[in-house]
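Right, I'll just put the structure down here and ask away after.
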Amino acid sequence: MAGTKYAYVKKFELPDPLLPETYIVVRLDGHGFHRLSQDHDFTKPNDERALQLMDHAARDIMNEFKEVVLAFGESDEYSFLFRKSAAVYNRRHAKILSTITSLFTSSYVFNWARYFPETRLLYPPSFDGRVILYPSSQEVRDYFSWRQADTHINNLYNTTFWALVQQGGETTTQAHATLRGTVSKTKHEILFSRFGINYNKVSERYRKGSIVVREESSEEQDVSLNDDQCTNRLTESDDGASGVKEGRMNQPKARDTRKIKTSISVLHCDIIGKEFWDTRPWLLE
Amino acid sequence: MAGTKYAYVKKFELPDPLLPETYIVVRLDGHGFHRLSQDHDFTKPNDERALQLMDHAARDIMNEFKEVVLAFGESDEYSFLFRKSAAVYNRRHAKILSTITSLFTSSYVFNWARYFPETRLLYPPSFDGRVILYPSSQEVRDYFSWRQADTHINNLYNTTFWALVQQGGETTTQAHATLRGTVSKTKHEILFSRFGINYNKVSERYRKGSIVVREESSEEQDVSLNDDQCTNRLTESDDGASGVKEGRMNQPKARDTRKIKTSISVLHCDIIGKEFWDTRPWLLE
Amino acid sequence: MAGTKYAYVKKFELPDPLLPETYIVVRLDGHGFHRLSQDHDFTKPNDERALQLMDHAARDIMNEFKEVVLAFGESDEYSFLFRKSAAVYNRRHAKILSTITSLFTSSYVFNWARYFPETRLLYPPSFDGRVILYPSSQEVRDYFSWRQADTHINNLYNTTFWALVQQGGETTTQAHATLRGTVSKTKHEILFSRFGINYNKVSERYRKGSIVVREESSEEQDVSLNDDQCTNRLTESDDGASGVKEGRMNQPKARDTRKIKTSISVLHCDIIGKEFWDTRPWLLE
Amino acid sequence: MAGTKYAYVKKFELPDPLLPETYIVVRLDGHGFHRLSQDHDFTKPNDERALQLMDHAARDIMNEFKEVVLAFGESDEYSFLFRKSAAVYNRRHAKILSTITSLFTSSYVFNWARYFPETRLLYPPSFDGRVILYPSSQEVRDYFSWRQADTHINNLYNTTFWALVQQGGETTTQAHATLRGTVSKTKHEILFSRFGINYNKVSERYRKGSIVVREESSEEQDVSLNDDQCTNRLTESDDGASGVKEGRMNQPKARDTRKIKTSISVLHCDIIGKEFWDTRPWLLE
């Protein structure tokens, strides 16, 4: 048969399974988004539309990959957590990495016009991705704490920086100089005393980033999140994912004889403390 | 500083350099494109618009990654060849794989409307990717021969199959049965005797796939391809890439003291024989 | 400087760090030991001298690598467990694997004459090795249970097989046929009714394998193992390792302000149950 | 069956095939040989017995692994080259690395007494190993040139250094100071003018290292090496490997219809120039 003599080249495709029973984190980062944000006039220091578009793409990932239980996004990056028992694509490294990166990118471009109805996308944006394995739940919690702490640090800096520029009339060079070496408290004070901004009143989306979480509840009882600090909670039906419907999975009997209903929520709340995790034991089990 | 205590999680990000001085092939495959082609009424057995869209995305990859010297596409797959000395992203595996996959996907969605002006894209399509290393030029040639032979086999089958269905009135089940176990020659005869189709007159794009090649010429002399068998040659300026300009690279002095001008061409010609390679020694050196 | 122009070949040596904070198991297997045991007249079904020689080599590994906390041996194989925080050779895969394999082999040959004073070693024996990573302590316990269950199964079979041959006068072919498809209980009955052997009285070394464990005790108080089932406990000073002295390590302050004294014991006891692990929490923490 | 419930731990053993059709180099290095050489009174700057013992172990590797076509040794290191088509152990990384390291170590200890009849080995020596892949024959040649250039540099330094100490009465500190920053020519002059040593008359074993090569010849015709510069050529029958016989392999018909006879030679000649390789085309094909 034609082609058979060349088929030997397939043997150069080597297996690449990820270590079983480890938590898989896939982190995506925007490629050249500094320029992208300028070319498309993103609002500084945060562009609500761009962040919502990122969240939308993240929800599309979670609707497609049922073993992704949590995602965290800030700025032009997003991290996805697969449960440690995940069997997705037999845990093949390249397949997982490339498919997640591709679908996220695709959703971003596909949904652009929905969030930027008046701004034409000028060229195709792209993301890079990486896979990181964590053996234990503590490391996973610390990973997400690391990202949320980063969000806080960056957003406080950027909020103060752009206040100095936009309201204070400083040049960007001056603003950087003003902030050089300052601690958090000083930035809070600059914001409040000079610009009347109480940083703690800044939108939680900007201060905390976006947490997309697969919530579980038994059918008799709705998920109730009233007792935690999360606000701005959006279920996908509020926010409109790309035609994706609520996931519904039969859980293994051992856990619960009732059907478990899962839904995807977008939150902007603290995930460094233990409450977030304690109330959602399924994320790390 | 906030966040410092969590930064230890970065040490789980392990290095992943690819072996130096090997040819890097990245192959992308459409994810669920059978369904995508039905949902968007792709013409059978080949949809010219869809293939041109794939070629467009491939050209965007080559405009962005100057070390990609050749690409080959058929149906919903595309393979990219980096020169063996490529230093892209310090040859980091995940970075290369994810970025190529992302940009291709992005370009595909971004340019959809250009090739399907009357068909709205219903949901975000995605691709998976893999990286394959080849130590020698012979293996690279055999890799591309393997893909082009595959194109031939698939296209001859599909062309005959859809003639039986569309013109011969067979059901798809009948058509599969008619073709079961037939050799190439029989399919040629069915096409010619029953449907008046001379397979060798079928568009080269369908029979040969798409070859996107970085052509080199010295500035005094234009690339002349008249003496090979390639037709349907399109330079990107004919075909309109997404605002990407002709690449221009200073080559190492050792090769040529004149400046080398490179351009990207889309061809549909034989790459199994030696002529294609002999006339483009820069591809494998 | 001479040689500089060739030094580029070093860049083909790629990094190979193992995932941090995972348990590292290195398992060694004798290469061609079926033939080796015949050529050197090993006693069947178990050769006490050969097993003691394996244990000796294992103790040499543990004296050299302080982060190895446990080893398990049976027949011609030995498994070594590094604590999950092990920093040995910066967790470089090839360095760890090759050095452990080399030192074990070296000790085996070096100490041969001590255990086989009347049998000259005819040729150099060798071992192969592999590295396996386990994310959690449960998997580590199950790994060692797997090996000890294997020891049990093999030893019961071999003990019955060789009783049939040596005392029952069967050929090896007949003995295999006699045992085909038999369950454990049947083998116990054959041993007892035909040969007067109470399998549970067979040496624990043969039934349980060898456990080499790094014991910890505070200086004021000796390790007391009276309350577990382990017998045949040998400290290295009883058994005479190759000039290696008792390890003594300062443990991190957080655990205990007193100095921890460690010693290496060879046991032949159950490690499938929880008692072994519960009394030695330092193995898996 | 007992043990079955634990067998899942096997799934953590991941595949590790090396890239096909690349040259495999395994390099072994003595672990702590500076101390070993002092503890066993090795002659400085070179100990003929120790080098011959290394060569012996290298020949044992080549007698066991027919796909190893070349080895190079100096001091306490040895490099082995597998032909690029090697199928040894299905090219499994850990299996190849660990077995080569183990057998070499084993042979070293096993044969110690033959080369050091009056010096008892005091403790088990060990080696570490690494695997390096090279895509092309030029890189392989450069790898061996790199090692031989290293041999030259080290030996010239050490020869001069020990002449200063042993004959010149300098302390080791003084000798290092004398040599600091000197070029090759200066060292040659010191050797000749102060100690009457013509470096070019120093044993080729010390200046060139040891090359162990699988020689090929047709049965009608013996290998003739008279026309190259190699001296001190020892076939294994002169030197006495551990009971290993001459290899004899049927080569693929395509190459030669006559049977090819192979033998292993130990040489101490130049391998940086092309003559060595030109006269042995089978090494790199």
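Labels A, B, C and D are assigned to the chains in the order they are written; within every chain, residues are numbered from 1.
By definition in this document, contacts are C-beta pairs under 8 Å (C-beta built on N, C-alpha and C of every residue); 3 or more make two chains touch, one makes a residue touch a chain.
Since the model is a prediction, treat every value here as computed from it, not as a measurement.
Traced through touching neighbours, the fewest hops from chain B to chain C number 1.
Between the two copies, chain A and chain B, the C-alpha superposition involves a rotation of 180 degrees in steps of 5. Between the Cα centres of chain C and chain D there is a gap of 32 Å.
One simple way to say how far apart two chains are is to compare their mean CA positions; for chain B and chain D this gives 46 Å.
Rounded to a whole number, the gap between the C-alpha centres of chain A and chain D is 53 angstrom. For chain C, residues touching at least two other chains, in rising order: 12, 19, 21, 133, 139. Those residues of chain D that touch chain A in the shared complex are 11-12, 14-15, 17, 19-21. Residues of chain A that touch chain C in their complex: 19, 21-22, 84, 133, 135-136, 139. Interface of chain C with chain D (complex): residues 1-3, 6-10, 12-13, 28, 31, 60, 94-95, 97-99, 101-103, 105-111, 121-134, 139, 142-143, 145-146, 149-150, 152-153, 184, 242-243.
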